[in-house]
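Below are structures written as structure tokens.
The same subunit A turns up in both complexes below, where it pairs with subunit B and then with subunit C.
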Partner chain A sequence: MDVFSGSFKHYPGECKKVKGARHGSEDMTWTHDGLVFITTGLGIPDVEKHLLATGTHGEIQLFNFKDPGAGVINLKITHRKEFDIVKMRPHGITLLEDRVKGEHILYVINHLETEDRELVEKFRFSPSTRQLTHLKTIELDSSFFFNNIVAFADDQFYITNFAYMPYKGVLYHALINLFPIKLGSLHFYNGTKSVAVTESHATPNGVALSPDKRFVYMAASMEQTLYVYKTYKSNAQLSLVQKIYLGVKGDNLNLTPQGDALLLAVHPVFYKMVFHLLWALSPECISPSSVLRIPLGSDGLAVESDITELFYDYGELISGSSVAAAYNNQLLIGSVANSLVHCQA
Partner chain B sequence: MLSQALLVASVAIACYAVYQFSNTLGLNGNYYNHRPGICRRVAGVEHGSEDIQVMSDGKAFITSGYGTSSILKYLKKHNVKGRILLFDFKDPSAGAVELEMQTGQGFDENKFLPHGLSVLEDKERGEHLVYVISHPHGLPDLVEKFRFSPLSKQLIHLRSIPLGGNLGITNDLALVAEDQFYITIMAVFHFLPLLAIVETFLPLRTGSVFFYNGTEMQKIIPSLNNPNGVFLSPDHSLLYVNSFLDKTLQVYRLQPLTNSAELLQTVQLFGRGDNVQLTQAGDALLIGSHPKFLLFLEHYLALTPADVNSPSSVVRLPLDEEYLVREEDMTEMFYDHGDLISGSSCAAIFDGQMLIGSVMDSLVHCELFVQAKR
Partner chain C sequence: MYLKTALFSVTLFALQHIVRLIYSLGYHLHFYQHYPGPCRQFPEIEFGSGNFYTLPDGTTFITSGLDMNVFSRRFQLHYTSQGVEGAIYVTNLNSSEAVLRKLDIIVEIAAEEGGFSLETFHPHGISVWFDTTEGHHSLFVVNHPTRADDRIEKFLFDPATFTLHHVKSFTNPKLRSLHDVQAIGEDSFYATNILHEHRSRFFMLLELFSLMPWSSVILYTEETGYSEVVSGLMSATGIAMSKCGAFIYVMLSLGSQILVYSRGEDNSLTLQQVFPLYTHPDSAVLDPVTGDLFIGAHPIAHQYINHVDNPAKHKAASQVLHLRLTEGNITSITELLYDDGILISGSSAAVVYNNTLLVGSSVDKLVACKVNVPI
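Now for the complex of A and B:
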């Protein structure tokens, strides 16, 4: 629970909150030309109450590293009647990058808790109109709670099963986060169904794929460990090639654009994160934020000895950091329910 | 009923004591490397660079070859010599140069084991007065006074200032004027080697700060827990003292008329703060600190300390207009697991560069990324 831990704050450069971010920025996915798609409005208790009270819902936002001063904008979604946007509570996000026309395909985990459904929504981004078109809804087994996702090919992705959660109440969530019980695993969705491709883990959270798709990186929060797996053509069982004990609770993972390192957002003082998750909008319940940079070697494995901490904040600038993305000496840091921060080195 | 209540109370007290103790040893907390720029070791410095002070022209004096009676085997095995080095921030590639000491009578270079230093800068002629605490083996601690000769780049030994035999083990000093300084008495159990280490984790309050007025020592601040580095604010009104055991920086207002000091601020640090210096801009303190004390003890007592890593950390404490610390804006500028530098004890900044010294390991020079942070 990190009751005795503490560190001094430090920043990689000048860091400021980004305009337009309101209900958190739990996950991000980026393109090589500086665009970042961000999920906001994850339905944790205080945030859910606020969304219902204000008649708003989860959104997908766009940030441009080439124009950081413009802040974030909510992307308009064109969809059929069947897609109930009011109930959207997005979590992990990933994209298949279209380097030619910029019509990126996005996959977003959507928790429909009111109907007890776990969904992955597929969208296409239109760079000219800056809008998203909803293409389809992929239904997953609702006895699991999915957290993060990384696209492998069209309608194929790795997705972290955070825990087997037949009842999705706050109490069950709290239980999973207190005791490192191995109820989760990494799944692969092959176009028709999702299958567990690793052994059981406690709270698998962030997941990332190497540019050559040979390695899958996964952070298991309560185990405080980073796992590196090798993929095979059949994408059946993955084989574990590396395991690094981090000593902190990692959240989401993103690669740097050059592919030379992983950026892992962590919760350095976890008991404060527990309070923050329960009472996210209370100013006293802030939680320190931190971003680690885990370099990758040419062999795809993480270089454990060169792990550095890029950012540490007590929670005043940003509370509960859950994800980070980098581009050209800039760093964008998202949180579960708090601010979005942009740093210029 | 009563016995049950007493049992619960004792368990609670015991748990609290264990927590406090593990806190002083720095057992908890996971930290990661981060640097303020491109950092490299300075060649030729292997046996410490315990204290550093930079002059306004960029020349820095560094003590090297720290030793006490407790670690004689290490001193003998590695032939450690007490030295004073000169590093010029305006010519960093020249590295750290050993200054030749021109000795008068009575000063035995072989018995010179330097610790804290303080320099009275001579801005006109560069003939700075360098005062260094020395722990000669088998003898009471002394303060050695030198004059720096800028032409010959030598240190001319002027006198050895005796401090009085039974005070204990001194650590650092801060000069007010020529032959007048504040000095920390870190431990009083000096009659047996290694016994002083007990005072680094048992809160016995046996440490103190004395003032040497030119002729005699006067106790100014009593009952401190293992005071380490000491430093004066630029206007000499405030005294900063690191309590090694408490992991705090204490800020006192000096009352020279009554020979006392009033505690103004207690700044809680995460690691054990060693020496204190002021940044070049005069707007912040830099403290070299030991985040994990148990690892530092292992490093300190090892026969070959270079083989045992002890994490290093440099913390920046911004000051307000009254020279008090702005605690909410404290940041850590440097953290190393011990591979680049173990046991960091001090840091100095000049013109976009930082020098980090250690008790018994290397000297590190960094070119800072963010130039504005001087």
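Now for the complex of A and C:
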């Protein structure tokens, strides 16, 4: 619970909150030309109340590293009637990058808590209109709670099964976060169904894929560990090649554009994060934020001795950092229900 | 029945003391490294750059070659076998490539009984007083002479020849296990006693691990002599004064606090702020330009204790903190550097001048980093 933990704040450069971010920025996915797609509006208690009260819903936002001053914009989604956008509560996001035309394919985890369904929505981004078109909904087993996702190929992705959750209540969530019971695992969706491809873990959270698709990196929050797996052509089972004990509870993982390091957002003082998740909009319930840079060697493995802490904040600038992305000496840090911060090194 | 109660109480008391000690030693702590920019080590310094004082033009005096009579035998052997000498270096942080120069020390009075001797010179804390009437810089340095009591040495700095002329030694029974000194006049200063015991290593360790608050701050002026202005502290280490002389900052290392005192007309100290630090500060160096404080700290106590006992074998994590002050009070704190002990072990002092961070250590290297982050 990190009751005795805590560090001093430090920033890698000039850090400021980004305009236009309202209901958090739980996960991000990036393109090589500086675009970042961000999910906002994850339905944690206080935020859910606020979304229903204001008649708003979860969104997918766009940020451009090449124009950081413009802030984030909500992307308009064109969809068929069956897609209930009002109930959208997005969580993890990933994309298949289209380097030629810029028509990236996005996969977003969507929790339809009111109907007790776990979905992955597929969208296509149109760079000319800056809009998303909803292509299809992939239904997953709702007795699990899915957290993060990374695309492998068309309609194939790795997805972290946070825990076996037949009952998705606040109490159950709290129990999972208190006792590190191994109720989760990493799943692979092959186009028709999703199967577990690793052994059980306690709260697998962030997941990332190496550029050559040979390695899968996974952060297990309550285990405070980073796992590195090797993929095989069949993607049936992954083999564990490295395990690093981090000592902090990691959230989402992103690679740097050059592919030379992992950026892991962490919750350094976890008991504060628990309070923050319960009462996210209370100014007293803030939680320190931190971003770690884990360098990767040419062999795809993490270089444990060179892990650096890029950012640490007491929670005043940003509370509960959940994800970070880097581009060209800039760092973008997202949180579960708080601000979005841009740092210029 | 009473015997059982008494025994149980004593056991409980001893147990909670041990738990407190183990916790304060920091075996459970782990932090990640980060630097404000690219860093380099100075090849000239191998054995300590424990304390600094920086003048408004960037001239920085650095003490090196620390040894205390209460250090372990293993340390003393290492010290003599490596041929380490106590010395004072000077550098100018204004130039882009700071160059280190060792100052020649000229002794006016020969090393007779109780006099100053270069062979037994082991400098620690340092403070500089600029006399506006005479136009010269006086350096006050804490000295732990071998097999003698701790004292304060006064030198006059000759910038033309880069020499220090030793002019006076300050000795008194009130100066116990000294750590740092803060000059407040041509011949007056505050000094910190980190511990009460200053001769026997066994009693020093006992005092340290019993967590007894016997540390103090001593004031010396020509008119009032030596007096104890603050007592009952828990291992006071560094002492610094604000730019205008109105506030005195005392670092408590084992006590993990910074005490802010406002200075009276008669040099008495009134407690103004108690700032909990959650790390173990060594010394504080005043930024002569902004008035901010930079602190060299030991984040993981057990590492530092082992490092000072056996520097060749044990590394100690280093940490630099930047404190901003408002009307004397500490209002913000940022960590400028954290190192696992590989770049520099046991950081004890730091200062930022002209976008260069200088970090010194008790018995290890001297490091300079470019500061690329906002200060």
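Heads up, the rule we're going with is that the second predicted complex is superposed on the first by the 345 of 345 C-alpha atoms of A that agree within 3 Å, B and C clash if a C-alpha of one lies under 4 Å from a C-alpha of the other, contacts with A are read in each partner's own complex, and residues count from 1 in each chain.
Definition applied: contacts are C-beta pairs under 8 Å (C-beta built on N, C-alpha and C of every residue); 3 or more make two chains touch, one makes a residue touch a chain.
Worth saying up front: this structure is predicted, and the values here are computed from it rather than measured.
J.: Check subunit A with both subunit B and subunit C modelled on it and let me know: fit or clash.
T.: Pair status: clash.
J.: Examine A:Pro211 and indicate which partner it touches, taking first as subunit B and second as subunit C; both and neither are also allowed.
T.: In the superposed model, A:Pro211 contacts neither subunit B nor subunit C.
J.: Between subunit B (first) and subunit C (second), which, if any, makes contact with A:Gly297: first, second, both or neither?
T.: Neither subunit B nor subunit C is touched by A:Gly297.
J.: Taking the superposition as given, does A:His10 touch the first partner, subunit B, the second, subunit C, both, or neither?
T.: both
J.: First (subunit B), second (subunit C), both or neither: which does A:Gly191 touch?
T.: neither
J.: Go through subunit A and flag every residue that touches subunit B in one model and subunit C in the other.
T.: Overlap of subunit B and subunit C footprints on subunit A: residues 4, 6-11, 13, 247, 292, 307-310, 312, 345.
J.: Within the complex, which stretch of subunit C touches subunit A?
T.: Listed in rising order, the residues are 23, 28, 30-34, 278-279, 319, 321, 333-336, 338, 372-374.
J.: State the interface residues of subunit A toward subunit C in the complex, per the touch definition above.
T.: Where subunit A meets subunit C, its residues are 4, 6-14, 247, 292, 307-310, 312, 345.
J.: Where on subunit B is subunit A touching in the complex?
T.: It is residues 19, 22-23, 27-35, 270, 313, 315, 330-333, 335, 339, 369-370 of subunit B that touch subunit A.
J.: Provide the residue numbers of subunit A that touch subunit B in the complex, in ascending order.
T.: Contacts found on subunit A: 4-11, 13, 246-248, 268, 292, 305-310, 312, 345.
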